[in-house]
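Read from first to last, the chains carry the letters A, B and C; within each, the first residue is number 1.
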Amino acid sequence: MALFSNTATLLSKELRTEFRSRELLTTTSVFILIVLVLFSFATNPGTEEARQFAPGLLWLAILFASSLMFQSCFLREQVNDTLSSLRLAVSDPFAIFLAKLIANTLFLLLTEALMLPFFAIFYNISLWSKLPALSLVLLLGSVGIAVAGTAISAISAQARMRELLLPLLLLPLLTPVLVVSATVTGSLLDRDPVVQWKGIAFLGVFDVVFLTALWIFGQYFLEE
Amino acid sequence: MTKRILLGVVATALIIAAAYANFYIAPTERTMGVIQRIFYFHAATAWAGEMVFFVCFVANLLYVWKREQKYDWLGVTCAEVGLACITIVLITGPIWAKPVWGIYWTWDARLTSTFVLWLLYVSYLLLRTLIEEPGRRALLSALFGIFAFLDVPLVFFSIRWWRTQHPAPVIMGGQGSGLDPTMKKVFFFNVLVMHIFCLFLIVERYVLEKLRHDVDLLQREAEVQ
Amino acid sequence: MSTLALPPTGLRFENIDKRYGGLFALRRVSLEIAPGECVVLAGRNGSGKTTLLRIAARIVSPTAGKLSFPGAVGDSAAGRPGYVAHTTMVYDELTAEENLVLFASLQDVPNPTARAEELLREVNLFERRDSVVRTFSRGMRQRIAIARALIHRPSVLLFDEPATGLDPLGISWLAKTLGDVNRSGCTVVMSLHGESEVSALATRAVQLDAGAVVADTKTGASLRSILSFGGA
C-alpha cells in the first residue's frame, strides 16, 4: 500500500538524517542526564523516599526531554521548504506524520535505553528482572508521547514563540501518560513488584485515541 | 439588540434569584454549615463549564469540516467563557475546602482534572495569540481544541483511577445521594441559571468577536486604498 | 531531456480566489493553459504570481474556485506537476543522489536509483552526487531543485522566478534546459521579472496585478510590455 511504502521511505530518511548528525540523540540524552542529576540534588537519592519518587522523576525527565526533542521535528522541514516537496510527492499526507512519529518513538526509546543504567545507579534500583514489563511501559508511554508530540510540533512550528509554545501545548495533553506510566513503573520497581495491566491497557488506549485523531486530522495540520 | 438586552436582564435576574435561593431557601447543611452553600454555585458552574467546552469542541469540528468563520468565533467564545467558569470552580473549591477540611486543595479526581482542563484551554487561547494569519489561527487552534477535548476524559480517568486521594473527601456531600429535596431543587435551579448566564456571555462575546473581525476587515480595506 | 511519463497536460484555473484573512492574494483568476505551452507570469512583487503557482502545485488550496489539469490521465504521482521555487526543497544533510532517490521512491518512479543518476547527469551534478547539498553553490542548488522537480517526468512544470541569483552562464543553462523540457511536451509555467534568455522561450505571457489577470498575450497584449509591467 502506498501509505506504508511512503512511510518506510520517509522513515529511512528521518533515521538517516538523525544518525548522520546524531545531534538530537546526544543533546536529548545529555539533557535527561542533567535533569536526573538535578532531581537527585533536589531530593535525597538513596533514601527510601527518593526511591518512591524515582519512577515519577524518570517520567518527568522523559517528558521534559521530549518537549525539547520535538522542537526540530517540523522546524527542520521549514529550512528549505521540504515540507512542500514532501506534500507534493506523497500520496497520503499521513505518511509524513507516521514516519516522523515512528522515528520520534525510536529516538525516545533509544534515549531512554541510554539513560536507564544511570537511573538504576543513581537510585540504587535493580532493573534487570523487570526489564520486559518495563520495556512495555516505556514503549507504550513513548508512543503516546511521540504521537502527541509530533502533532503539537506541527502546530507550534507555524506559530511564534514556538520553543515556549510546544511544551505549553504538549505537557498538559500528556498528563494521563505521566500519571499512568509513573504509577505502573512505580509498582514494577516496588519491593513486591506488580504489573498493573489496567494501566498498561490505559496507555494503549491513549495511544490508539491520539493515533486515530492524527490519522483523521493530520492532513489539516499541513494545509496552507 | 433588544433580544440580547432581554437575555442579559433575565440572566442577571436569575443569578440574583439563585443567590437568594442559595442563602435563604436552601436549608443549612448539617455537618458543614453555611460554607456548604457555595457548592450550589461551584458545582453548577462546573456543569455549565463542561457543557460550554463541549460546544467549543463541536465548533472546532465544524470549523475543520466547513471552514466557516462563525465556527471559529464560536470556538474562541466558548473557550473563553468555559475558562471563566473553570476559573470560578478552581477558586470556589478551595474557599469551601479550607474551613471544612483545613486544606485549600485536594487531589480529588474532579478538581485535578479541572485544573488540567484549565491549563489546556489557557494554552488554546495562548496559541491563538501567537498565530497572526486568521485562517491558520482558526484551523490550528480548532485542531488543538479537538485534541484537547479528546484528552479530557483520559485525564479524568487516569487521575481518578490512579491518583485520587484515599480516603477521598467526598466533595458534594454525596451528590444526588441522600440530598435533601429542597437542596436538590436549589441545585438544579443553579444549574439552569448558570447555563443561561453562560449563554448570555457566549452571545455577547460572539458578537464582540464578529465586530472585531468586521473592524479588522474595514481597516485592511482602508489601508489598501 | 527525457520523455514525459504521461500524455501532455494543460492547466485550467476557474475563478480562483485566495484570501488570507481579509486580504485577497488572488481575485477571480481564470486562465486556461494548453498542453505544451510555455507561459510566463509577470507582475510586481505581491501581485499573486507565487500564490498562483503554489495553488497550481497543489501546495496551497484556493479559498474558492477550481483547478484542473485537462488531459491528465488518472491520479498517479506522475500526473502531479513539478514545482521549483526559491528554496531547493531538498534536504541539506543528504547527498544529491540520496535526495533524488528519496523523491523518486515517494512518487513511485520505477528504478529510482537509475532515474536519479540519469537526472544527475542531465543537470551536470553527477560528479557531486555523493556530496551533501549543504555544500552546493547557488547554481548547483538550482540544478538539484530542477532535478527534483523533474524526477517523476511531470507533464507540467511550475517555476517561481527561476533566474534569480544566477550568473549569465547559469541563465543560459537554465534557458536551454527549460527549452528542452518544453520541447519534450511538458507544459511550462514560470514567473519572471523582466526580459532575458529565459523569457524568450515564452509562447505566451500573462500579467497579474493585485491578484487579478490584467493582460494576456493571447488576447493581444504585447510580450514586451507585459514583461515590463506595462499592461495591455
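Here is the rule we go by: a residue touches a chain if its C-beta (ideal position, glycine included) is under 8 Å from a C-beta of that chain, and two chains touch if they have at least 3 such contacts.
None of the values given here were measured: they were computed from a predicted structure.
Under the touch definition stated at the top, chain A and chain C share these contacting partners: B. Among the other chains, C has the CA centre that is most remote from the centre of chain B. Remark: the per-chain Cα centre closest to the mean position of all protein Cα atoms belongs to A.
A count of C-beta contacts for the chain pairs B-C and A-B puts A-B on top.
A separation of 39 Å divides the Cα centre of chain A from that of chain C.
Averaging C-alpha coordinates per chain places the centre of chain B 51 Å away from that of chain C.
Chain B has its Cα centroid 31 Å from the Cα centroid of chain A. Residue positions of chain C in touch with at least two other chains are not found. Shared interface positions of chain A, i.e. residues touching 2 or more other chains, are given as 223.
Chain contact summary for the complex, chain C toward chain B: residues 19-23.
Remark: chain A residues 148, 151-152, 155, 158-161, 165, 168-169, 172-173, 175-176, 179-180, 183, 198-199, 202, 205-206, 209-210, 213, 217, 220-221, 223 touch chain B in the complex. By the touch rule above, chain B contacts chain C in their complex via residues 133-135, 216-217, 220-221, 224. Put simply, chain B touches chain A in their complex at residues 64, 116, 119-120, 123, 126-127, 130-132, 136, 139-140, 143-144, 146-148, 150-151, 154-155, 157-159, 161-163.
If you check the complex, the residues on chain C that touch chain A are 54, 57-61, 77, 80, 83, 85, 87-94, 98, 102-103, 105-108, 148.
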